[in-house]
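Dumping the structure here so I can ask a few things about it.
All chains are identified by letter, namely A, B, C and D, in their written order; residue positions are counted from 1 within each chain.
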Amino acid sequence: MTTEPDTTARLLITCPDQPGIVAAVTTFLFQHGVNITELDQHSTDPEGGRFFLRLEFQTPHLDVPRAVLETAFREAVASRFTMDWRISYAADKPRMAVLVSKHDHALLELLWRWQRGELRVDIPVVISNHADLRESVERFGVRFEHVAIDAATHADAEARMRALLADRTDFIVLARYMRILSADFVAHYPHRIINIHHSFLPAFVGADPYQQAYTRGVKLIGATAHYVTSDLDQGPIIDQDTGRVSHRHEVPDLRRLGRDLERQVLARAVRWHVEDRVIVDGNKTIVFA
Amino acid sequence: MTTEPDTTARLLITCPDQPGIVAAVTTFLFQHGVNITELDQHSTDPEGGRFFLRLEFQTPHLDVPRAVLETAFREAVASRFTMDWRISYAADKPRMAVLVSKHDHALLELLWRWQRGELRVDIPVVISNHADLRESVERFGVRFEHVAIDAATHADAEARMRALLADRTDFIVLARYMRILSADFVAHYPHRIINIHHSFLPAFVGADPYQQAYTRGVKLIGATAHYVTSDLDQGPIIDQDTGRVSHRHEVPDLRRLGRDLERQVLARAVRWHVEDRVIVDGNKTIVFA
Amino acid sequence: MTTEPDTTARLLITCPDQPGIVAAVTTFLFQHGVNITELDQHSTDPEGGRFFLRLEFQTPHLDVPRAVLETAFREAVASRFTMDWRISYAADKPRMAVLVSKHDHALLELLWRWQRGELRVDIPVVISNHADLRESVERFGVRFEHVAIDAATHADAEARMRALLADRTDFIVLARYMRILSADFVAHYPHRIINIHHSFLPAFVGADPYQQAYTRGVKLIGATAHYVTSDLDQGPIIDQDTGRVSHRHEVPDLRRLGRDLERQVLARAVRWHVEDRVIVDGNKTIVFA
Amino acid sequence: MTTEPDTTARLLITCPDQPGIVAAVTTFLFQHGVNITELDQHSTDPEGGRFFLRLEFQTPHLDVPRAVLETAFREAVASRFTMDWRISYAADKPRMAVLVSKHDHALLELLWRWQRGELRVDIPVVISNHADLRESVERFGVRFEHVAIDAATHADAEARMRALLADRTDFIVLARYMRILSADFVAHYPHRIINIHHSFLPAFVGADPYQQAYTRGVKLIGATAHYVTSDLDQGPIIDQDTGRVSHRHEVPDLRRLGRDLERQVLARAVRWHVEDRVIVDGNKTIVFA
């Protein structure tokens, strides 16, 4: 589980469960000189359920080019089991764009981990609806774009963001981006937008969850990383965590303590996404962590 | 914080905040030969807020009888600061009744801790709407009463329970009691009924929270101990905790893991209540733990 | 991961790592009508390391008797990869003996979970060097034997314990058994004796770890479940956990809080052992939890 | 507990326990127009033990200058109870120097929190035995000094560090400073040097604790913030935390996961130190958090 070499590849599979899937996949890979280093599987029900598989393998002894391998896999294995599948290669870093507003903690946590090599991504752009964080971002050698947005200009602003992202973005992280994206925007990135919500969902959806938590008098606050869908705060949950609070903590204290939770939870979720450890199953996630 | 001797007493105060309260209270106690061993205070706002104080003290050198002390305190201190206050004595064990249905884990956890002296209470009766747990309870030398209850007999059954509890109950624990108590019943025990709800409230109120948690795909399950009010699952929260789950856990797994959380959270909340560490403030709690 | 049916079997493999192992094993099982429901693997190093595999499978469509399956597996697969392997069947409950002294919390936690079906074991006997817990044990319908032990009688006492255990014990749990077992005794149950130590090992080995923790002023206490070897408190660790304490907690408080950790950690370790989720690798464990 | 205003002051007291201390202190403060907003006390033993008190109060209605207040307190209260005491004022920010080597995570966490106002300190200088982190530090507008150090130059280097710190440092944080400070150096800052050790002390003292943890096969890793004494890794512990690991984590994974623990634990310990919440009692700490 240490930092993976550039020779790592990952095969992800979703298909109807039936006997023989693992045997067919692993035999195919073995015959092509591949060395499997991790294998995780999950079945919602061995009788008629959905089957999920994640394989990590090393490619130095691969006996054919990538494209040949993939064609052969499609014909020999995938079509037989009606698989939804893909192979990704660690050498091809995914491109992660970040949307942010004024709070910098979630953004800086990601930039920091990226800078020290913990997050194997390229970052083509950070977009914000405020100009405040330009210097913080450019300091890391990352492009920063300010796209002002209000009710009247919402459609135009999203169009501009779409233009900035197009062709150079594999997934998007909302690092405390405080505007609601349109359903149309979201639809262009299915299960490819990760949001950090500052509560233990499904408690306290919507605005100002720390104020909501304070009002209710909970003894734990939380943070939730989830894929964005057109239903606000309702998408598939990737990771969550909680931290203890007491009657001594007022709303600013909850915000301060919550920032630490948000940073940890978002960093973990993004890492798992980048390493292809998350598979969406309806409105839930399979996380092979 | 070790097991307290029978000479321990506790003074709890709620009043409008203003300067001089602690000086007045501690000077009064000092003048009566009392040795303060714990002191916790909280103010919602030093300017016009509510003030809460919990003092633990030792009585061996108390220079007057309890009744004299209390009269003197009322006249010398409490009336001046418009205090809502009470003194309790550890030697007077509170009487805890338990209501339970079929799940025994929360009940047995309490009986077990009680048997080994961790919970300083008397247990006059355990009441259940099923007969299943009679032997488990009587084994501990505790009285068990079966009060069947259904929609038609609800009022009669509650009346019978009230008769069983009357005059021998200081507070009630709902140790997974699966019937909803009437507002009338609840009103007789204001902030003296503790329920364990098997979710991280306010998420998943109502029936079968583990099924709700499974359907939503959360990555943590929780348990919440709270005082019962006439609003279902909305009363002041005393304690909460969460535990990590994954896509591998189905509903029976959540129930199994959740039992451990429920036992821990309920035991902690009951202990705090018994030691007078919980003060209700509107729909929240101050917990001097 | 829910309660497994009696048709569940588990194959555990340890062998030198090399390509093709998973393909060979899963192909073999597929050809015999077996449906794999869980698969976990681990390699210490793909080049020259050790490989570990745990497979859970369902046997209703198994096309040959157990003995035939096992012979075929040995010949077709195991010998080729120099495997150390075994298959266990959930229908054959392992027999768990418990050794205990005077503290009942770890013992009762196990008996409780066993009684409610969480622990799929038979319990042939509970042995104690004190008579105190006889009634607590017999109440569960479990045999209790008192084997007094002191320095002079140690060898005789262990001989008597060996006689009580012989032929009816698959593994032994030391549920706060306060005597040190001889190296000879331990040698009869390699990686089949589980101890709960009341500290976060390797901190505070030996006697009275809560007193040691108090003296050092740690801010967390812990508990550790491990396999017993002839080196006291040095065996392979199965599970650990910690809980927060403060300057307010004296030694009796640490003991009280520690009991909760001990119960949780031991119960988890025993459950994993019973479900064949633990493989020993030198002085460490692989836990496929 | 929210960000405190500049009018906050804190009184810390250590003295032999005896009745009447709190009454005397709070009465004195009340008579001088002070409004107490937090009060924490601890006694190691009401009969002959040591007593610790921390009071937070607001000074706007203070009726005398600071110096007069302190003289009056000494004469009226402190001398009577043989108190070791001091008053600090939130408006006087403590000056925190940082020593660091090559790992930047602990340092950056502190600089970050300082920049956003979470840590109310001034930072006169960051000193490192390597030049690597100059840019990272100066970016925050903080002075960076490189003081090379090796066995031959140790005494000279420490002298130079002492010169850099002198007269402008209230306390020092070792943010993963990998050289051992001389007993002489340490003696100049009693209980004013905070170190972050990357293990759950007292497990894994000394060099490379993550390697030690890996070798032992623990299931949790930890981090410990403590005051530095002349005994390596033996000083009074301020805070600790642990995180779960498994057989899948190799040493680089432990380091990566451990960094998150180190950042959290160190930030918490420094915050508590800055807010005068930590009182040293022998080789332990009282933390009024």
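Quick notes on this structure:
We adopt the following convention: contacts are C-beta pairs under 8 Å (C-beta built on N, C-alpha and C of every residue); 3 or more make two chains touch, one makes a residue touch a chain.
Computed from a prediction, not measured in an experiment: that's the story for all the values here.
As for how the two copies chain A and chain D face one another, over half of their interface residue numbers coincide. In this entry, chain B maps onto chain C through a rotation of 180 degrees when their C-alpha atoms are superposed, rounded to the nearest 5.
In terms of their C-alpha centroids, the spacing between chain A and chain C amounts to 37 Å.
Centroids of chain C and chain D (each the mean of its C-alpha atoms) stand 42 Å apart.
Across the assembly, chain B contributes 248 as residues in contact with two or more other chains. Contacts between chains leave no pair untouched here, as each chain touches all the others. Across the complex, chain B is touched by residues 19-20, 22-23, 26-27, 29-30, 33-41, 43, 46, 58 of chain D. Residue ranges on chain D touching chain C, taken from their complex, read 42, 200-204, 216-220, 222, 236-242, 246-248, 281, 283-287. By the touch criterion given at the top, residues 1-3, 104-105, 108, 112, 116, 118, 139, 248-253, 256, 260, 264 of chain C touch chain B in their complex.
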